[in-house]
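Encoded as structure tokens, here's the structure I'll be asking about.
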Amino acid sequence: MGNPILFLILAAVAVIAAVMMVRSRNAIYSALFLVLNFVTIAVLYLILNAPFIAMVQITVYAGAIMVLFLFVIMLLGAEKLQGFEESSKGQLWIAAFLAVVLIATFAVALIQGDPSSSGAVAGLDSSPSNLGLHLFKAYVFPFELTGVLLLAAMIGVVVLSRNSAKRGKDA
Amino acid sequence: MNAFGLAPLILVFPVIGLLLNGFFGRRFVDADRKTGEKLSGGFASVMALSSFAIAVLMFFSLRSHEFHAEVINLFNWIVVPSAKLQIPWAIQVDTLSVTMMMVVTGVGSLIHIYAIGYMHGDPNFSRFFTYLNLFLFFMLILVTGNNFLMLFVGWEGVGLCSYLLIGFWFDRVDKNGLPMNANAGRKAFVANRVGDLAMILAMILMFWTFGTLEFNTVFQSAVELFEEGHMVHFGLFSATLPAVLTAVTALFLMGAAGKSAQIPLYIWLPDAMAGPTPVSALIHAATMVTSGIYLIVRSNVLFEIVRASGELLFGIVSSADLVAYTGAATALVAGLIAFTQFDIKKVLAYSTVSQLGFMIAAAGMGAYVAAMFHLITHAFFKGLLFLGSGSVIHGMEHGHHHLAHGDDHHDDDFDPQDMRTMGGLRHKMNSTFIVYTIGALALSGIFPLAGFWSKDEILAHGGEHNFAVYLMLTIAAFCTAFYMGRQLQMVFFGKPRHAAAEHAEESSPLMVIPLWILAGLSVVGGFLLNLPFLTESLAEANHNHPTGIFLALEGWLEHSIQAFHLSEEGIVHLPHTPIVFSPMVAGLSTVLAVGALLLAFKLVYRDRPQTADERDPLEKIPFVWKFFAALPFETLFMKGFIPLFNKASHWLGHTLDGTIWHDFVHERVIRDNFVGFASFSADVLDTNGVDGLVNGSAKAVKRLANLIRRSQTGYARNYALSVFLGAVALVVYFVYMAN
Amino acid sequence: MLTILTFLPLLGVAAILLLKFFEKETDELIRRIALGTSAIVFVVSLVVLIGFDTSVGGLQMVEHFDWIPSWGISYYLGVDGLSILMVLLTSFISLLAVAASWTAIKTQVKQYYIFMLLMQLGMMGVFLAQDLFLFYVFWEFTLIPMYFLIGIWGGSNRVYASIKFFLYTMAGSLLMLLAILYMGITNNTFAVPDLIAGREAFADVQNILFLGFAIAFAIKVPIFPFHSWLPDAHTEAPTAGSIILAGVLLKMGTYGFIRFNLPLFPGAAAHYAPAIAVLAIIGIIYGAIVSFPQKDVKKLVAYSSVSHLGFVMLGIFSLNEAGIQGALLQGVNHGLSTGALFFLVGVLYEQRHTRMFADYGGVWKAMPVFSVLALIVTLSSMGLPGLNGFVGEFTILLGSMGAESLGPNPWIYTAFATTGVILAAVYLLWMFQRVFMGPLDNPENKKLRDLNGRELAIMLAFLLFIFWIGIAPSGYFKLMDSSVASLVSNIGSSLVVMP
Amino acid sequence: MPEVTVEWYVALSVLLFSIGALGVLLRRNAIIVFMSIELMLNAANLLFVAFANHLQDVDGQVLVFFVITVAAAEVAVGLALIVTIFRTKHSINIDEINLMKG
């Protein structure tokens, strides 16, 4: 599963990018850090023998979704808003505690669990065609549902985004 | 000649009489006093006489029937097939029952006739005769029944009539405003009921022992069981036959004590004198009170078996002997109490108690014939004495009435029965004086009057078989003569001590004629019944009847008294009454009687009081007077038992059942606690509890909701936090616990 | 036939209700309809009597249909020797009670007679039902009309009395319901004959079940010490209510003991017999003593019921033929004598509006006919031989002496019970004396009128049976003999199995 | 030199998920909250892919495909909501949006 040094570097970048994304006061910075994070993860996908997913990650996430984010941030002019400190103290501590518990739990689990062998032969056929076959054979129904979901989302967005004044007139 | 088929008529006639008088008598009397009274009283008397005629018919039927008992079945009474209980209405005609029938109807008829005169002018004239006929009916059921239960019907029925007749003037009140007649009647009934309790128990015991209550069957199986020595079993109970019969006979004694006024239940009889005098004569002297003797004589077999078995009651005394002792003691005590009485009827009442004691004592000693003999003669002369006293009272009332009319001299306290107000009546009421004297002498036992023969037979029997009883009875006989002498002296001799006595007048012929008839019977009755069978010489009779049965009455009654035959067969040992005249006993008792009369006449009452207010000579002997004036049993009952019962019943009724059980337990404890609990429930538990629970849970929900609402900040981040919490919890669960 | 007998009063109720539509609703007409209905019921009960076969020990004229089959509940009516007398008593007493309230009830006449008719229905059902569930329904049903009869037309303290009556009896019934349900569920049937046949199924808990039934019935009877409701209810009830209460309602308790407790739980019956006999005897003596000092005529009669029913209970728990037959007959006798006494008190009350002894005295002078009849009834209640009371008492005492259930010395029970005979004389004669004897010194009492035709007819009806049963009761015993004999042998056979 | 096993990816995924969660919980800027959600989704995706590789099963990757699709739809709707809210309240501070306060 790849070179450990490479993994550690990529992991470090991903984590740092994530932390920065959460910590940034400026929403635009956050968005950009998130893009960095997505890209790092896309590299990891490649290492994990998932080229198609990596490609989708970059095009859909880093491309389409993040552009949408940036667009909205700029549209609303909400780039500079509240940061971390403005959270209530209770919320902060509970959240931090829960996060620590979560991480600790997994740490315990990972340390205690039997180490898995990494002897993964690259026999997994994750080519787009194979993926496509899976998608349209075993998962054809969920796939169609996804289509419906997207349609619903599209209509929803259209409805929501209409001018309220106009909506009032229509109603 | 055989007329047994007519026997039921003896019961029918009194019923016709009572129904007619009950339904129509009042109308007759109200419509026309004079003829109505004659019609009402006459009809009742005719019915009584008709019954007497039937009784005589039965007498002759029996004679032609070799004196064999005859049972006439009428119809079934209580029949419980599965319990094998079968009790018929059936009439038994035998020499004993016919004797009783004749006494009852004979004396009864005379008293009916007498009563027409005595009750003249009473507003409830016809009711009186209804009661008299009813009494006759029940008394005849008592003596004619062929089983104990029928006897008991009559037994209770005559008790009822006694109650009704004592309470005939139920609206009379005494000085204290108490309804004395009603009270006296009630006392009589209740005292009788005490005896009835014993009768019921005895009958039930006999039923389970013998499986029947018919006289003949009971006696027969009693003898069989006794001979075979079987145990008596019923239910889980078992005992020997003599033990059971001891219980039965002791209970009979108790029953007889109630009805025949023996110790300790005699207390009702003196009070019963509150009733009209004919009633005292008929019921409380001649007939009803003798039914206890009839019962014992009727059950002679049972008594003799007990005597023969040697079974003792509580290990002390044979129940048959107990009968004798009870009778003798009663005779003595009552005879002594009679000394202290001033009421003319009460003297006679105690005398009756005393004479009944004689009879009971005789029956208890096994002298059944002597008991019956005395019963018959006593019916004559005591009936005579009571009717005579009624005549005296009537005369005194007449005198008082005359007085009240004459000079407006009216004193309400006048008591026409008080002997202290009488005196010198022999000139005013000549016929009454003569017959009364005959009666008194007969009662005292002066030769050759009826009382002499019968009393002497009892004494002779006692002299031979039971000295203690003989002694007591002899003293009692002495007492009898003394108090009769005292009474004669106080009533008829000397000078009138009250204006009323001076104006007393002889009663109407309707009243005097029955007196003469009874006087005649009192003179010759004893002698006639005591005659040997005229067909047999003394020696012949003695030979033919080794147990000593040769007198007329004995020859007649032996057919009903099975103990004679059993004695001949050697099953029981009936102590036989001496066959020959006993000069020793007879002489002594005659001397005593004459002596007592003279004592009363010459010594004690020689210087008799001259006015009504003066003290009785006997009162000067303090010990005697106080002792007998205290009326031992009367005091015990009236001052001890009855107040105790009243207190107990008031306590039970008002305090225990009312205050404690009803008010306290139910009201206070149960209801109030319930109400308390309920209001606690309603006000506290329900408002705060159930309601409170509902409201409270609502409140709690509200409070909780408020609490939770605080978490519902509406801030998405808070919600997210809880989602995250859940997610972490799930992870923790899966990692640590799911395996 | 039995269904007709039971539900016939409903026709009368319907007729009374329909009157309104014909606009003929007068009190007089309502009374006539009620009387007519009761008379028809009485006639129908006589028809049942004619069709009754005395040689059969079991149920007759059975009507048996499924009702709730899944629970084993059925509509099951039948009559036998144990109930035939009770049925006749019910129809007879009801008829007289309706007649007795002719002039006494002046308010809400319609409702009154409707309740009276419903009362008849309930009582008849109790005596005819052979299914425990059906029985329970009728049993509880009788409470309701009685509650209203006391509560609406009663005396001054009527509300208290009616509520006490209702609660007391209701409380007892609940335990019985539990017992009924237990038995019904274990055996999957509520039919009494089937339960008797299958009584082994609950033989191990029969003592508890017995008590459940016994308490319900004991309160109804009432056995000492559950009698406290009775004087209140009797005193406050209207005359007809008292007549029905004494005449029939109390018999439901004794009947229940005979019908259910004995055959269903014979072992327990034998086990508790001495205890109940002791309570019965306490009741006899206690009731009699407590009667004595009462100041209220009705209260005295009410307490006398406690005493009389003590005899009945003693007879029942003699568990032999004589005792049980005596008890059944004594139930009838008590219904007649006490019913008649209450009626007589009612006649006085109607005129004088007081029940206190102190207000009476010397009534005999004012009302001779009335007084003579009262005397006969009093004597009947006292148990004078030749009248009905004696026959029952004697048979009961006879039974108790031979009772195996009372151990080796049954005579002790008998002896104590017989003291009731004395005490009865004490309190009843005291009652009679205080009302009828003594001087007629109260001017109010001088105005009393004697019995009128209606009252005389009612009294003569009572007296007919008082004399008939007193003089020739064998026919009455014959009616119940077979049934009682089979009941006793049924109990006896099981006693051998279950000591 | 240690081998990179699937555990490493799990650890990374957990870290990223936790950071994302903290972002959701602690930030008030609705847009950043959304982006944190995307981060968490990515952490999950990463895990899917890692296990798909580990278990030699392509189904994991198929699921990632679906997740991305749903995420896209979600973002589209979510952003539309944010825009609408901003239009009315002129704020995207989610602490000011508490219409659901009980």
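So that you can tell them apart, the chains are marked A, B, C and D in the order they are listed, and the count of residues begins at 1 in each.
Methods note: a residue touches a chain if its C-beta (ideal position, glycine included) is under 8 Å from a C-beta of that chain, and two chains touch if they have at least 3 such contacts.
Quick caveat: nothing in here was measured; it's all calculated off a predicted structure.
The chains other than chain B, linked only through touching, come apart as A, D | C.
Using the mean of the Cα atoms as each chain's centre, the chain most removed from chain B is A.
With centres defined as mean CA coordinates, chain D is found 87 Å away from chain C. Each chain gets a centre from the mean of its Cα atoms; for chain B and chain D, those two points are 117 Å apart.
Centre to centre, using the average C-alpha position, chain A and chain B are separated by 121 Å. The distance from the centre of chain B to the centre of chain C, each centre being the mean of the chain's C-alpha atoms, comes to 33 Å. Among all residues of chain D, those that touch two or more other chains are 21, 25-28. Among all residues of chain B, those that touch two or more other chains are 717, 721, 724.
Listed for chain C are no residues, as none touches two or more other chains.
Chain contacts here follow an irregular pattern that is not a line, a ring, a star or a complete set. Pairs of chains meeting the touch criterion: A-B, A-D, B-C, B-D. Contact residues on chain C toward chain B in their complex (touch as defined above): 164, 225, 228, 231-232, 286, 289-294, 303, 320-322, 325-326, 362, 364-365, 368, 372, 379, 384-386, 390-391, 394-395, 397-399, 401-404, 406-411, 414-415, 418-419, 421-422, 425-426, 429-430, 433, 436-440, 471-474, 477-478, 481-482, 484-485, 488.
Those residues of chain D that touch chain B in the complex are listed here as 21, 24-28, 33, 94-95, 97-102. Chain B contributes residues 22, 26, 75-83, 85, 89, 149, 152-153, 155-157, 160, 163, 167, 170-173, 179, 182-183, 185-186, 189-190, 193-194, 196-197, 200-201, 203-205, 207-208, 234-238, 645-646, 648-650, 652-654, 656-657, 661-662, 665-666 to its touches with chain C in the complex. On the side of chain A, the complex with chain B involves touching residues 87, 91, 94-95, 98, 101-102, 105-106, 108-109. For chain B in complex with chain A, the touching residues are 717-718, 721, 724-725, 727-728, 731-732, 735-736.
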